[in-house]
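Below is one structure; the comments refer to it alone.
A, B, C and D label the chains in the order they appear, each numbered from 1.
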Amino acid sequence: MQTLRPLPQYLVTRYHGWKATAYAENSAWYSRLATDGQRPRGMVISCCDSRVHVTSIFGADSGEFFIHRNIANLVPPYAPDGLQHGTSAAVEYAVQALKVAHLIVMGHTHCGGVAGCHAMCSGRAPELEEKTSFVGRWMDILRPGYDRVKDLPEDQQIPALEREAVLMSIENLMTFPFVRTAVETGQMSLHGLVHDIGQGTLMQAADGGKAWMAV
Amino acid sequence: MQTLRPLPQYLVTRYHGWKATAYAENSAWYSRLATDGQRPRGMVISCCDSRVHVTSIFGADSGEFFIHRNIANLVPPYAPDGLQHGTSAAVEYAVQALKVAHLIVMGHTHCGGVAGCHAMCSGRAPELEEKTSFVGRWMDILRPGYDRVKDLPEDQQIPALEREAVLMSIENLMTFPFVRTAVETGQMSLHGLVHDIGQGTLMQAADGGKAWMAV
Amino acid sequence: MQTLRPLPQYLVTRYHGWKATAYAENSAWYSRLATDGQRPRGMVISCCDSRVHVTSIFGADSGEFFIHRNIANLVPPYAPDGLQHGTSAAVEYAVQALKVAHLIVMGHTHCGGVAGCHAMCSGRAPELEEKTSFVGRWMDILRPGYDRVKDLPEDQQIPALEREAVLMSIENLMTFPFVRTAVETGQMSLHGLVHDIGQGTLMQAADGGKAWMAV
Amino acid sequence: MQTLRPLPQYLVTRYHGWKATAYAENSAWYSRLATDGQRPRGMVISCCDSRVHVTSIFGADSGEFFIHRNIANLVPPYAPDGLQHGTSAAVEYAVQALKVAHLIVMGHTHCGGVAGCHAMCSGRAPELEEKTSFVGRWMDILRPGYDRVKDLPEDQQIPALEREAVLMSIENLMTFPFVRTAVETGQMSLHGLVHDIGQGTLMQAADGGKAWMAV
């Protein structure tokens, strides 16, 4: 396939810098992780957004978090229909194979996916309603969240929808039998967060999702 | 929903440490990114594996990479069937909305998903063949890759399959019309990498995927 | 000596996070402790095990506990033979220089040292019996404890030996004249605990060690 | 043994606070660590001093560090003589059984043990020279360090000796064959630090110990 191109030089240079410093300092631990396997303490589901990096804000190093990133950190409802479900596969692997202790869904402010969902649900983004729109069909997961915020004052709707994205994902996670069992037996705890990427602040869902408190 | 738990204290402490140091040092840039929007230069599709962190090995800071992470860094073929396709949505957003200049698929050694696919295809993991197995059905994407490696000596098959996962994802990406157009008009370049998580080395696909060379 | 390496970056980052938060909030107290000297209320002897942290479970802050950690929280019998005895030195300093009010020996479940001692005493770990085995020779301290548990049902022996490790250490502490004097004059009290690291529970020795009760 | 007393009420209360909060939040992880065993990334040798807590300054949580604490964070030279050597046993366990990736020796300012050694070596602490002084005989390990600092201006000697304590421990560690092998094969890296407990700063040994640089 003639499309493959060499890695841009700026990334080659950065990689070699990492190899000579961080890799060299930690080679013993990285080799160990490769040989012994990963045992991450938690799974994080966060957005693909380039401004959101869970490993940074939680000072996590290699081996600590199993991370699934998709548009708007959404988890669809449990659907064991034999079709391909990437997010469901990631959750299944984390819970059943890795047996993570914590499953964190982290949303964020200024989320393009959430803004797109809001536009779509309020009829201002016909292109997202097309059958062929992958982003539109993915954001369908969040439609019930839109219904919960659409009667709020206009300027509060998108921030509220960013929080609903997290709450919906947590609710949908609980429709997975293996997630429910892991939570009910104390094998795993669920956490919902929203990170304000401009202010650097972090809020967490409390009281069953009815309240949000600063971390 | 009574399942929500407060964030574990060790993560709260680490977050506050980040807020007081990295965030404080860069607040001007982070505020700007929030207000102006993200403009990542590249998209990376990598694995959820806790030992793989693209932002580390490429020294990438906030705003640089739009990152989608799933099991075994796979991209399914283009399927505009109106169903929910998370990976396809992420690619669509990166190419059409963000217009990234580079799309990198990065695989890695010791990949649990690839090992699972190999076991499944060689008949040694009946549980992954069940209709209800999300991991199994997700790894179906890689079945054509297994056919390409199954006649190699036994000990070479899984490493070869880790490379095929990357090549298949690149081939599947090219079945998306908007990806093909972006590549053919020179708006975007595609790159395939495999990272050895124990040795720290990085190989890139060259010559249409027929060769792999050290970065 | 060419062996010294820079501190791994993830620890540098975490340290700076601590400096900017916990240290900054408490700098007045820490400066004071540095200038005035430490005056810990208690000494704790606990295991090196990474899963046992006395400062966590007792919410202890800087300046509260003088902590000696060794394999299996053992204290050897008093032996003023002019040789180097690290544990004895720590106890001597705590009792005579710091005059701590409480001396707590805290054992724990799933103790690798205790399991090693059990294997060694039951003839299943010849490598620990070698003269050159430091772990083996250190665990010799606990041999009398093995004699007390070896007739119990097999599955009760190791948990019983974990408790004996604590009781033996307390008995050995009382062979130190300065410990005996501090206890008999009411200057210091001795306490024996076993922490279940999985369940989070804490048991304390009572009735001269014949009974263990939940804290 | 009538000496055992119930735990002081203030610690009982603190423990129950921990059990209801930190333990409850992390019970899944703690149970997992108990069942699967510890896999700490590093070993730290630090002082018993109540003002030094490695887990705090490095934001480490349960399972991260295997910690040996003794007077003045000293490691004696390798002496496989069949006698009991607690520090040597801790190092042997960390390197051979746990195969830690990093071994950090962390000294600190205002160290009572180091001050005692200085007083002893300069003839101002005859009680520490007695055969029966455990602290004195333990601090004999550092006598060679005193020789290296005794010609410095008086007010620089103790801080210099605090640094020598770390360097000597690292040199002594390298006399252990299994430590030397682990370092030379890249299985483990050695690090030397001195923490200023009043200022909160951290220095690390560089250039084979000839220089100290701020972390």
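Quick notes
We take it that a residue touches a chain if its C-beta (ideal position, glycine included) is under 8 Å from a C-beta of that chain, and two chains touch if they have at least 3 such contacts.
It should be emphasised that the depicted structure is a prediction, and the values quoted were computed from it without experimental measurement.
Interface note: subunit B and subunit C, two copies of one sequence, contact each other through mostly matching residue numbers (shared numbers exceed half of all numbers used). A comparison of the B-D and A-D interfaces places the larger number of contacting C-beta pairs at A-D. Computed centre separation for the pair subunit C/subunit D is 14 angstrom, with centres defined by C-alpha atoms.
The distance from the centre of subunit B to the centre of subunit C, each centre being the mean of the chain's C-alpha atoms, comes to 46 Å. With centres defined as mean CA coordinates, subunit D is found 40 Å away from subunit A.
In subunit C, 5-6, 8, 13-14, 16-18, 22 are the positions where the chain touches two or more neighbouring chains simultaneously.
Contacts between chains leave no pair untouched here, as each chain touches all the others. Residues 1-8, 11-12, 14-19, 22-23, 27, 30-31, 33-35, 37-38, 40, 43, 48-51, 53, 55-60, 62-71, 74, 76, 80-94, 97, 102, 104, 109-110, 112-113, 131-135, 137-141, 167, 170-171, 174, 183, 189-193, 196-202, 204-209, 215 of subunit A are the ones that touch subunit B when the two sit in their complex. Within the complex formed with subunit C, the subunit A residues making contact are 21-22, 25-26, 29, 59, 61. Those residues of subunit D that touch subunit A in the shared complex are 25-29, 31-32, 36, 39, 41, 59, 63, 99, 101-102, 186-189. Listed in rising order, the residues of subunit C touching subunit B in the complex are 13-14, 16-18, 20-22, 24. Put simply, subunit B touches subunit D in their complex at residues 5-6, 8-10, 13-14, 17.
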